[in-house]
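Each structure below is given as structure tokens.
Okay, so subunit A shows up in both of these, paired with subunit B first and subunit C after.
Up next, the complex of A and B:
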């Protein structure tokens, strides 16, 4: 038997039938309640990774990436990055950190409580991967912080700034799933399989066009681990669907729910990067969404697992329709809060608008008037935070602020507002879980702009308009 | 009182406001339109978004049956801006 096979067999056999406590005391069934499965030993990690191999491979990756990033900075690469792109990265890196750190915690929990031995081992490796990724994102911010403001206080903004609350909510929610298989579904299927190609391959390809070679390298070394993470999700999903058809309704619910949450909290906001913060553009977000999410993820999953009864996500059509406007709506909303941001905003140029006109047929009709008013001298600044969705914590402005799909539910005598049918549907299925969040718009009621800035730990001249656009 | 306000067709999202219960719908409509930077020349009707109920311009907010965090919405309509005598 090869070394690899021997190592893997040992890893997989690192469990035993306990003799002095019941097995349920070690792996409480509450962690997989509702899942019908008996032979957990059948779950297999297709990578058959041992810890020794893992360390060797990861060390090679870091030994290659860190010197390349340092050389990029030493020879003036950061100074040559496009300023607009740099302003976008001020938002991207703290959100990525949220995601990676949440994934680290979630996998640490799966590696402790999952009933399948091989899943516990694979989740252990993934939790270390996520620590590497989160540290690399911090290294990236450290490098950029030497050249510009807006990166220095990211850890405080992560806790207090309204811009980062949706990502915080999303990843805390994944960590807090009582059922470890819901964590795997949310993280390893929806985050990893559906979205990492878009985030870690699609975005770097635009970054390179805007001079961000170090950022592209950093995101691509992150992506090099994602294949293993996707395999964990796909293996789990297939095992559970093949194993017992009673698992289908719960898995379909998780797919419907996490697809919408990921679309709303990652897909929609991410669109401002390729469409706006990228001065030199490649594909519009709408086409990237179609390619990576609809054609690759949804079509691939249905082809692979449709025979078990798995259907496309419930809100797929709504998500596709929204991508016509989502990047533009969110960029406008951010512009209205530029005096409360840690990055700078700007007015789209004629070149930008030509791109929008070419790729978004309704842009002029739905968004053009807003920018005409800005050009005429209206700063559009608003005095307080917007109504935030009870579930996703994003502003209730979709698809366009002039006619948003605001939804309302009463629960325990209190009024709750939602940005969409998707978020309302999730709340109505799990009201206890999603009723506890208190939006910053309510926390900061009655405060003026200096007080809001102080609460969000904004100092000096952070935010405002990028003059050299 | 703590209620959200928004105006249909306006690019400003719904904002949380703190009107007094004895303010009339007419008075709050004027203040809300100004805070929301909405087009005051367009005819509008005030409604409670949760119930869909249309609000008479002379009732007070306290009498109008709002719950905390309800949404006072100024929708585009033909009856004129509540409180705008010229509309």
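Up next, the complex of A and C:
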């Protein structure tokens, strides 16, 4: 019987130094520009995976997950899901798909161009994992689409709807990284290590409370692969920091930048799921953020890698402070655009507001009046899109719409607007990268609601208010 | 028709599971982020006027069906190779034949991995979720072949060096099959019969147009060399009563036939979309076909196996011509 170590050595043997073309033509140094390491061949992949092991493990996982989802569907599981939760999943799955598909394509490039053979091998398996995840999300949407509106045109919405533009921006950004190590930093460290526990463990735990057993099962089987991806990121980060202290400034920049992007584009919007779309709640988002991101990710990383000079993310304090309001600000904003959404919104109940008052000390003061006015009959609908941040593509409404921290910079004679210091800081470091995006707010300036809906591929009665809340 | 996604509505037949999971999912070309690498632009390839999301892989595999398929295949192939190695079947083979076959199989493992790397580029830059997936599954299959080929080359080489029969462990410190270097790598880097192939693959790894990579690798190399490998390995292993090499050949071909199938569909698809693409494809064929023939001729000359290689090469030329005629008209 061939053992794991032997199989892995065989994979490592497959790399060769080209001689008919310059090595630089096959592995252009621009792909790892600014990163220093003496001997890429000594780099080790923490998992030592072989093909036969991979398909054996993954087939077992699939044999467990897919029948569970099929049974859930066959025996009316979707009909027993909480309606509010279902509306939230209409937003969650297209965003997750964005992430997985972007990760798939990004890892195809890392596995082709990374200078370390072991990293190329690890990225290879990650790329095919991401195909699994993206298709599992589609399986979920395919199942839910049979029972409700709001899933049937998700691929078009992810290209054209303002609600999904931030995720499009984030994962395009990872795909487009010039340096493969920036891809690893953005994806494997910030997406996978920092956020997947929150998304694929924290959210399913709330989903189960709201009757979504298939969704919970799907996210948990996804997370079983993510642990491998996290190890790749952690091993890469440590190796680069240990290998050469000249790598520190670039890595610190990537940590600062991607931490903020992930906080803004995943952390803030995700809060509306456990805090609002979950009728039956567990932990408030603020506490989940503290547990998964601050205590586990940041503290763990600083403890582990602080000795190499790595500092906590530059905008950590700002992110923590924002979580006091971010879920509430975004839910309010979505409510104001309920006539332009593919999911339905609702007015928080008394029970919801008790929960907010208990877990968010400033909720009543900062957000309570808005809902009082809604209850008094003000629909709060807005006729045109809000101003969107040049970098993250989210509305410039943070921390609260009444007092947003809007920033601006001039670039090539034009003013660019940002939602935060973090996004402005990123833009000013890489203006070429982020200056060409034309946000949907500008594309749709002067259009009326039917025109905006048509542009965003919204048909029929999509959006609006959930009647049975 | 059962409720499906909007992009399939209005069709006469319902979409297959493959289509619902694979088609229409690409991000599109209107990027929000701009770098030198970029995301996807239409000029990533010279093939023009193609509705990329309309492409379908004839095999209709997606992750779930692919992983189940390859898990079964690996169990079958693994059981055969394990038995052949551990129960002394390798030791019963003609040592000279085993040595030659080990060099050929081991050297070609590197070619498989080179093809995988080339298709990683297609997977990353192509403008279609369905093409990307076909390329991605091919990448994985090629890694499978490369690992199994190296495993079997090691086993054959061990058998060819046998001083005694059986699976007796070597004494501590004794040289294993590859301890004195790596014969498979040495063959790939230096054996004259493998150099034209290595040159062709290294050249393909420098191409920038992902459509050209498909033609250079899957049409000009794989379309010629995979039928050659199938014929040669099956024919010579039959004469040696070597079921394990035959099983490896059969398993590789099963996957490769699928790769050639999507490639053929791809060629037909781009020409049907815009007939002017035929000229683009032809120019790529003119550029890269010679490298494929040179690689084939060198392999056939370097590993003649009593004339079997020449016969296999003739079959491969005929098959490739037939496939091209079918695809290009």
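FYI, the second predicted complex is superposed on the first by the 467 of 469 C-alpha atoms of A that agree within 3 Å, B and C clash if a C-alpha of one lies under 4 Å from a C-alpha of the other, contacts with A are read in each partner's own complex, and residues count from 1 in each chain.
Rule of thumb we're sticking to: a residue touches a chain if its C-beta (ideal position, glycine included) is under 8 Å from a C-beta of that chain, and two chains touch if they have at least 3 such contacts.
Everything quoted here is computed from the prediction, not taken from an experiment.
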Checklist entry - Which partner, subunit B or subunit C, is in contact with more residues of subunit A? => result C
Next on the checklist: Tell me the contact category for A:208 with respect to subunit B and subunit C: first, second, both or neither.
Outcome noted: neither
Next on the checklist: Looking at A:294, would you say it contacts subunit B, subunit C, both, or neither? Reply first, second, both or neither.
Outcome noted: neither
Next on the checklist: Looking at A:336 after the superposition, I want to know if it touches subunit B, subunit C, both of them or none. Which is it: first, second, both, neither?
Outcome noted: first
Item to check | Touching partner for A:397 - first (subunit B), second (subunit C), both, neither | outcome: first
Checklist entry - Of the two partner chains, subunit B (first) and subunit C (second), which one does A:384 touch, if any: first, second, both, or neither? => result first
Next on the checklist: Contact-wise, after the overlay, does A:441 reach subunit B, subunit C, both or neither (first, second, both, neither)?
Outcome noted: first
Next on the checklist: Taking the superposition on A as described, I'd like to know which of subunit B and subunit C A:168 touches: first, second, both or neither.
Outcome noted: second
Checklist entry - Which of the two partners, first being subunit B and second being subunit C, lies in contact with A:142: first, second, both, or neither? => result second
Checklist outcome for this item: subunit C residues touching subunit A in their complex are 2-7, 20-22, 24-25, 27-28, 30-39, 62-64, 67-68, 70-71, 74-75, 78, 81-82, 86, 109-110, 113, 116-117, 120-121, 123-124, 129, 132-133, 136, 139-140, 143-144, 146-148, 150-151, 154, 178, 182, 184-185, 188-189, 198-199, 202-203, 205-206
Next on the checklist: Under the stated contact criterion, what part of subunit A meets subunit B in this complex?
Outcome noted: 332-333, 336, 370, 380, 382-387, 395-397, 401-404, 406, 408, 410, 413-415, 417, 441-442, 445-446
Item to check | subunit A partner contacts - residues on subunit B that touch it in the complex | outcome: 2, 4, 6, 8-16, 18, 35, 37, 49-50, 67-71
Item to check | subunit C partner contacts - residues on subunit A that touch it in the complex | outcome: 1-2, 7, 10-11, 13-16, 18-21, 25-26, 30, 50-52, 55-56, 58-59, 62-63, 66, 97-98, 101-102, 104-106, 108-109, 111-112, 124, 127-128, 131-132, 134-135, 138-139, 142, 145-146, 151-156, 158-159, 165, 168-169, 171-173, 175-178, 393, 432-437
